[in-house]
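Chains here go by letter, A, B, C, D, E and F, matching the order in which they are written, and residues are numbered from 1 within each.
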Amino acid sequence: MKVTVHRKAHFNAAHRLYNADWTDARNAHVFGKCANPNYHGHNYELIVAVRGEIHPETGFVMDMKVLKHLIETEIEAVFDHKNLNEEVPVFKTLNPTAENIAVVIWNILRPHIEEVLELSVTLYETPRNFVSYSGA
Amino acid sequence: MKVTVHRKAHFNAAHRLYNADWTDARNAHVFGKCANPNYHGHNYELIVAVRGEIHPETGFVMDMKVLKHLIETEIEAVFDHKNLNEEVPVFKTLNPTAENIAVVIWNILRPHIEEVLELSVTLYETPRNFVSYSGA
Amino acid sequence: MKVTVHRKAHFNAAHRLYNADWTDARNAHVFGKCANPNYHGHNYELIVAVRGEIHPETGFVMDMKVLKHLIETEIEAVFDHKNLNEEVPVFKTLNPTAENIAVVIWNILRPHIEEVLELSVTLYETPRNFVSYSGA
Amino acid sequence: MKVTVHRKAHFNAAHRLYNADWTDARNAHVFGKCANPNYHGHNYELIVAVRGEIHPETGFVMDMKVLKHLIETEIEAVFDHKNLNEEVPVFKTLNPTAENIAVVIWNILRPHIEEVLELSVTLYETPRNFVSYSGA
Amino acid sequence: MKVTVHRKAHFNAAHRLYNADWTDARNAHVFGKCANPNYHGHNYELIVAVRGEIHPETGFVMDMKVLKHLIETEIEAVFDHKNLNEEVPVFKTLNPTAENIAVVIWNILRPHIEEVLELSVTLYETPRNFVSYSGA
Amino acid sequence: MKVTVHRKAHFNAAHRLYNADWTDARNAHVFGKCANPNYHGHNYELIVAVRGEIHPETGFVMDMKVLKHLIETEIEAVFDHKNLNEEVPVFKTLNPTAENIAVVIWNILRPHIEEVLELSVTLYETPRNFVSYSGA
């Protein structure tokens, strides 16, 4: 009997879409205004979902206070009010698309959550564009 | 060819998180301000989802008017403007976490929905904390 | 390693629920005020989700600009500011319930999206009623 | 010491924008796709706001239950699941723009609310287009 | 040249509507299910708005970080996860309607904000019921 | 008899808060993480409101299609996917706080809207921080 608990968080960041192996012209052609070398930015909204059995003593799948704190220390502290391309090392060589950011967040959180629990993340780049990733 | 129909409803209730087998000190330690013996409360938002074949004559998986009425009589009438710990009998001995409330709602609704239809519920305790349960 | 990208769009349309094989009385009995022969309408909100591998060069599962344009040309151009029963031919003989509209949208989009990518659609008829369909 | 209380409601309706004194060509030119003779529709969201002194015995400016019931009987019963042009008599000769609908709603509600209370209405035609009217 | 800055916050609380000068029967008659002696609760959403000149050196009307901190220490610390009737002294004798809570919040915040700045508060008791107060 | 029409739009941009007359240390002290020299960013949501008489022939205060197009050409084309500090000339010397951006937008739009109509703008920097300006 498995239940999924979801916690919503957010961070504000600058980024640009850019493939360092390409010419500037090709970057501009493929990524359009998202390739602007001066950056643009977003209010990212993040939903972290954890699925597992309810612990009979607490009634929790995972204590939301613990999950909230984990997102603050592992994700918000690293991403909030940052330039993703310049200040988050993984994006020196990985294009910070919503897809790649979601996978990076999942990979950061996974070791901090009990192995028996399933993890998925949903990342809103805008209210109209969002992505989700469950590790497979 | 299965489609899922979703109906959103809501109820306002008071609760506290509390394990009767624990000391007050342990309840306060584990549940923090959620263990306040004077209660606090939430605007719960509930999404009930039913999945099945589209009936060829009506174009419905399940008549939303019927589903709306079912949620009103079986859930809202029981939970709305209530103290969950004091007035909903199952929570005399079961801690009314979002996880447990979602499972209780699912168990209440399941016998009222045709067996061939799959049922899942999503319960928002706040806009930032929510849970989902599909019966397994 | 599969990621799902979601794009939100919208269209405003009139419709009525109606089964041409039934008497008006039976239509009124089953569909209630939704059977009003003069029509009513909705702001439909549509979420199209596409799941697949991230392309290593772009960091995209599918270019959101392409997906946005596809929804505009294939769905919005056909459904927006239209009377679904009168002006969208498939609904001459198919009841335009949210369920059937979602299936029709999925069927329209499927051939335009690479076969290797999974497709699902979620359609909000109102903020309180919505449906989803994944092709099976 | 005046406080404003707000109550949110909704209705779904079909309409078209149309000036009967104009040719069809001019209607199409001015109103674009909103002039579609087969109608389109919206989920209208309505916020009714009432401003006045707090009654010292109840703590209410106006009982929300009374306001909710008033909106149901005077507005929702008349507008919901209707074709505004065909079934709401005032719009036989008045173009049902969001502006005009808001004024009509205000005029309907005004006599039902104590004179000493100020009234204003906000009407969302879509989440992106809305109007407000305060009677002057 | 005055600009208004708005900051959104929230707190979860239990309450009941109750006039101590009335019989229980009259309380039940006037306040309906809101008079439940076992309490119910809400996720209150609070918007605090401050209007004034933009400071030419900072570009701020009021530093949002300061406003956020003020709401945390003066409002959230006092109201969050509390039983308003039992644990917030002013509501021992004042009925905790949304109207009265909004006025109480305004009165708490007013002395902490520079006199030259105008203050108003909007309090959502539910997404469908909300009140606003500007001090006059 | 004046009605207000509102149109919602959005743009995504990078910025940093910075006063060029101050040392870096003072900028960091006053603006905190918002002073990050590598920028961060936001999904700005903009509501433009225009108040005036309803034109008796159209039923419009101002044609929403015209207002939508005006926001696209005058605001979105200039601000969307841009670095406000680097690419919008007025912010070379004016700190791009939400307050200042709102005033700049109002000043850009004012000459394009009939003088008899009142104009106000509301700018959401995040869902929790927003500002409004009406020209006085």
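Basically, contacts are C-beta pairs under 8 Å (C-beta built on N, C-alpha and C of every residue); 3 or more make two chains touch, one makes a residue touch a chain.
Owing to the predicted nature of the structure, the values given are computational and were not obtained by experimental measurement.
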Practice task
Touching both chain A and chain D: give me those chains, sorted by label.
Solution key: C, F
Problem - Equivalent interface positions on chain D and chain E, same or different at half - result: different
Practice task
Express in whole angstrom the distance between the two chain centres, defined as the mean CA positions of chain A and chain E.
Solution key: 34
Practice task
Return the distance between the CA-based centres of chain B and chain C, expressed in whole Å.
Solution key: 28
Completion exercise
Taking each chain's mean CA coordinate, chain B and chain F are separated, in whole Å, by 41
Practice task
Could you list the positions in chain C whose residues touch two or more of the other chains?
Solution key: 127
Handout entry: Pairs of chains, among all present, that meet the touch criterion
Key = A-B, A-C, A-F, B-C, B-E, C-D, D-E, D-F, E-F
Fill in the blank from the handout: The residues of chain D that touch chain F in their complex are 17, 19, 21, 30, 32, 94-100, 102-103, 127-133, 136
Problem - Contact footprint of chain B on chain A as seen in their complex - result: 1-9, 54, 57-61, 63-65
Handout entry: Of chain D, residues touching chain C in the complex
Key = 10, 12-15, 33-34, 36, 38-43, 80-83, 86-87, 126-127
